[in-house]
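Just dropping this structure here.
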Amino acid sequence: MGLTIGVDIGGTKIAAGLVDEAGTILDTCQVATPPSPEGVIEAIADAIKAVGEGTSAEAVGIGAAGYVDDKRATVLFAPNIAWRHEALKDKIEQRVSLSVVVENDANAAAWGEYRFGAGTGHDDVVVITLGTGLGGGIIIGGRLHRGRFGVAGEFGHLRVVPDGLLCGCGSQGCWEQYASGRALVRYARQRATATPEAAKVLLAEGDGTPEGIEGRHVSSAARQGDPVAIDSFRELARWAGAGLADLASLFDPSAFIVGGGVSDEGDLVLDPIRKSFRRWLVGSRYRPHAQVLAARLGGRAGLVGAADLARQG
Amino acid sequence: MGLTIGVDIGGTKIAAGLVDEAGTILDTCQVATPPSPEGVIEAIADAIKAVGEGTSAEAVGIGAAGYVDDKRATVLFAPNIAWRHEALKDKIEQRVSLSVVVENDANAAAWGEYRFGAGTGHDDVVVITLGTGLGGGIIIGGRLHRGRFGVAGEFGHLRVVPDGLLCGCGSQGCWEQYASGRALVRYARQRATATPEAAKVLLAEGDGTPEGIEGRHVSSAARQGDPVAIDSFRELARWAGAGLADLASLFDPSAFIVGGGVSDEGDLVLDPIRKSFRRWLVGSRYRPHAQVLAARLGGRAGLVGAADLARQG
Amino acid sequence: MGLTIGVDIGGTKIAAGLVDEAGTILDTCQVATPPSPEGVIEAIADAIKAVGEGTSAEAVGIGAAGYVDDKRATVLFAPNIAWRHEALKDKIEQRVSLSVVVENDANAAAWGEYRFGAGTGHDDVVVITLGTGLGGGIIIGGRLHRGRFGVAGEFGHLRVVPDGLLCGCGSQGCWEQYASGRALVRYARQRATATPEAAKVLLAEGDGTPEGIEGRHVSSAARQGDPVAIDSFRELARWAGAGLADLASLFDPSAFIVGGGVSDEGDLVLDPIRKSFRRWLVGSRYRPHAQVLAARLGGRAGLVGAADLARQG
Amino acid sequence: MGLTIGVDIGGTKIAAGLVDEAGTILDTCQVATPPSPEGVIEAIADAIKAVGEGTSAEAVGIGAAGYVDDKRATVLFAPNIAWRHEALKDKIEQRVSLSVVVENDANAAAWGEYRFGAGTGHDDVVVITLGTGLGGGIIIGGRLHRGRFGVAGEFGHLRVVPDGLLCGCGSQGCWEQYASGRALVRYARQRATATPEAAKVLLAEGDGTPEGIEGRHVSSAARQGDPVAIDSFRELARWAGAGLADLASLFDPSAFIVGGGVSDEGDLVLDPIRKSFRRWLVGSRYRPHAQVLAARLGGRAGLVGAADLARQG
């Protein structure tokens, strides 16, 4: 099978792309995400047609946030769109006359990085995506690990602090409350409130108040050497690395890939993550260590990965 | 391949068994574990010969505590025997003229339960063993998940409490410090110290002092309704169930199997584990739930599992 | 000095009372709390006049939420009213021609319980108030301990879980997030979500949904034996008792008094608090134990205490 | 009253000193601590006679580790000497014909710092002593706060991590497990194990192994800029400062004094403690901040404080 189509459903926009076997995107189409659940269905179908018509594309892979069943057909639960047991595969297939597979979006992005990005040359890879929240995917023996019910790899909800921070999922102490873009902003605001005199650059990046600090301000201030911004990245890295050490105890991959917006900062955040990983890796003197790599595909990983998973039938 | 031999290396005794394809043990041999590392090698070889000679057994599976490399040949590190990069496969093969595979003992036990015990009918199973410590194994798609370097499934060292209890591994807050036979005894002693009047039955089971309480006393007292003993089991179950919920987020198996001495108490401990599991399972309303099953093979799981893994080449 | 006036400023109403030396309220006046900060000043003055005019009352004590300075004159910070460095004493004295002292409301309530409630006969008492949040007050050697800057006894913000729940104060893991009326409701909702079949009575008390559960429903369901409601009270008691054990290590009082709406349930909540207190009290075998008593004055404690503190000049 | 005698009972030596009203030690005597409880009594009496005979000294203050009753007469429990309900005051008075008061040793040291050291000019002071463990004392309104039963100020056993590290007291998560000389050594050893290449100076100070690292090595390496040693001090400071923030919420003193061997490093450890204190101080924008001062009397504080407390009758 040659060309396939990948779809990435985001909170603000839906992107479809025509992708070849090497993971190259040949054509793309973006539309704003409609407010109604049914509107989203139509928008997905339209975007697929826009890039697929007149091409030899035979299959579509759709990456969707939430729980996707093990048949890769139904969205059991989506956090952002009011889908519950939504038969997404059937509905799209009726509209586009192509075979469709639905994948969890973080799994699709992990697969993209494994096939065409930082995971090349590895067969056992764990990908974590530090975006607004924390997602991830697992490749074992060159295959995506979906789990028995399709909902494996929900790393963000690993409980890392008993009785810890409330999470949108209803639980407490979830990893994504401590290692994610949202956590980074919280660290920066808390520290800028407590020690404003040490956060001058950081505060100047925003509107001068702790509440006005956003993620991009922390990045920019850290690059300028602002101690509070740097310390905020370190705190995030402390939790990210400790969690990777846990995943090493469980999965034992040859490499971890760290993606998402936070990882755009490169070694500014990767190095402290590696340090914390080594610090907490159990038995570190007696075992080979997994590498901790930066993702390479950026925001394309999900679309490219979904397209490739469609190819695999 | 018909008959194979399984070996289980314990701290006090080494057991070898002749096992058929149905997991039935046809013959066994037990010897005391010698004090010297080389003595252990000889004892293993002797035990294998004792059950294997004159039979059609062609292969041997050895379950050993510690890290075993991905070639299933070398013990990288053993916690109880002074083995570091010990070429166990080669040394035994030289002595017994049978092909040998070495497996982590918890992996072997998990495999045994999967093939011949509580895991029958499942393809995606996570086994945890609540013994003195906490071990485990992972079966994905009907295959044992060893990890890239052979050291996957070290559940006991998942960090469940940041800055928590010291662990023998050098880290802190490891799951096995909160969910294991040793933890159970600690819970019981702490509670019996704080509220001795509520622990009369429990104290009477031992020598009358909190320090004299052992695991079997907690079990016996719990069966008699001692509130402190029951509360100690509940505390263990609280941590065990919360950890299983974490593993469900990561692995998404169809079943968990709980083995080890603690699980001998059956529903006394399994029911509170199930309750805690449901309490902490993320997204529990929107996903199928894995079953939580009691192990069935007891202490035989490791030997039977090791024998069967040898069969698989 | 005979009669004095006590004032209790609440979020919804302001109450003033004429109180005699025995702590008896002879007359009261309640008005709704106005929305504007200046309106609150006028309302306080009006309420004081309503109960004080034509009487021999010579002094006024006002209990206010927030930080009150060590001169008992200025509210440094109020959480609910937009007061920052508000010269409350001066403003009220200008309006009512009586001498005024301002006290932290939890301190006033603690003093009320010490003088006329459960603290009678003790000289060293720590009071905690489990209301919506958690407040408290300290009596040492028969005197209210205000601290050097007037802000002692902020028990609710003791950090009991590092990296724990966010608190309105900007910190994390504050005791009041784990032991308060708000915490009780959170416990009940979480548990009713996870195990609705065990929470039938509790859910029926509210509107049938976990989100509809309020504090009074938990109380009512617990009295009917609902296991989830009882477990929610136990969880609250676990944290309350552990915190009292900490306070015993620091202050070593002869008695703790537990007040606030949660304590209205009496031994349903006091007994598990006592049990948890003993469980966590350090050195419990080698030291006298403080008593843990239920408050007696209910919602009157703050008003009566403020009036009495005015008497003391 | 002019001259008094102070006694400091340590694990390895007993020191007595003749002290004047200005806190100056005029004469001292040291003897090794005998192994038997009765031997300790005799040694104390001998040391008192050695410095007191032929002088005008009229009273003796003895600082003893453990719980001392509110009559300042009986040691209820000593952690290091096998004393249980030991009538120390009576036994010494029978031997030396001087009036004796017994004080908790940390209280005595706190009093010494308050009267003659860093606390001069303050009336509300909290002292913490970061030695092998963590002790402390409280001065409120110029008086030592002993508590109703004599056992107030046991700061070291404040629970700062639920389910945290085991403590010698039988509880878990006690502050002294995270902020003390012993904790500092643990931090350094853990970090030197995980990242030996970053701890070259630190390892060279000891015997080259993580296990050989002692407190003095961490201090020396930190002064030479070793990153692991500096990070170990920071970790200690993080916990020390957060605990002081808790104590500020409770006691609201005008100053904290930090003593003990760890504080000998001065601003190397005091500055990060101050930073962490501000970071965690609740309501820090709306309240005056207590100062965080280094102790000045070093190891003399206990003896001088005990002598002065004897003076106060």
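Structure notes:
Letters A, B, C and D name the chains as they come in the text, with residue numbers starting at 1 for each one.
FYI, a residue touches a chain if its C-beta (ideal position, glycine included) is under 8 Å from a C-beta of that chain, and two chains touch if they have at least 3 such contacts.
Since we're looking at a predicted model, the values are computed, not measured.
Centroid distances built from C-alpha atoms place C farthest away from subunit B.
Chain pairs A-D and C-D differ in how many C-beta pairs they share in contact, with the greater number at C-D. Chain geometry summary: the mean Cα position of subunit A and that of subunit D are 50 Å apart. Computed from the mean C-alpha positions, the centre of subunit C lies at a distance of 34 Å from the centre of subunit D. Shared contact sites, meaning residues of subunit C that touch two or more other chains, fall at 161-163, 170, 190, 193, 280. Across the interface of their complex, subunit D is touched by residues 67, 76-77, 84, 123-124, 138, 140, 145-155, 157-162, 169-171, 174, 242, 245-247, 249-254, 280, 282-283, 286-288, 290 of subunit C. Residues 162-163, 190-191, 193-195, 275, 278-281, 284-285 of subunit B are the ones that touch subunit C when the two sit in their complex. Partner subunit D is touched in their complex by these residues of subunit B: 161-166, 170, 172, 178, 190, 193.
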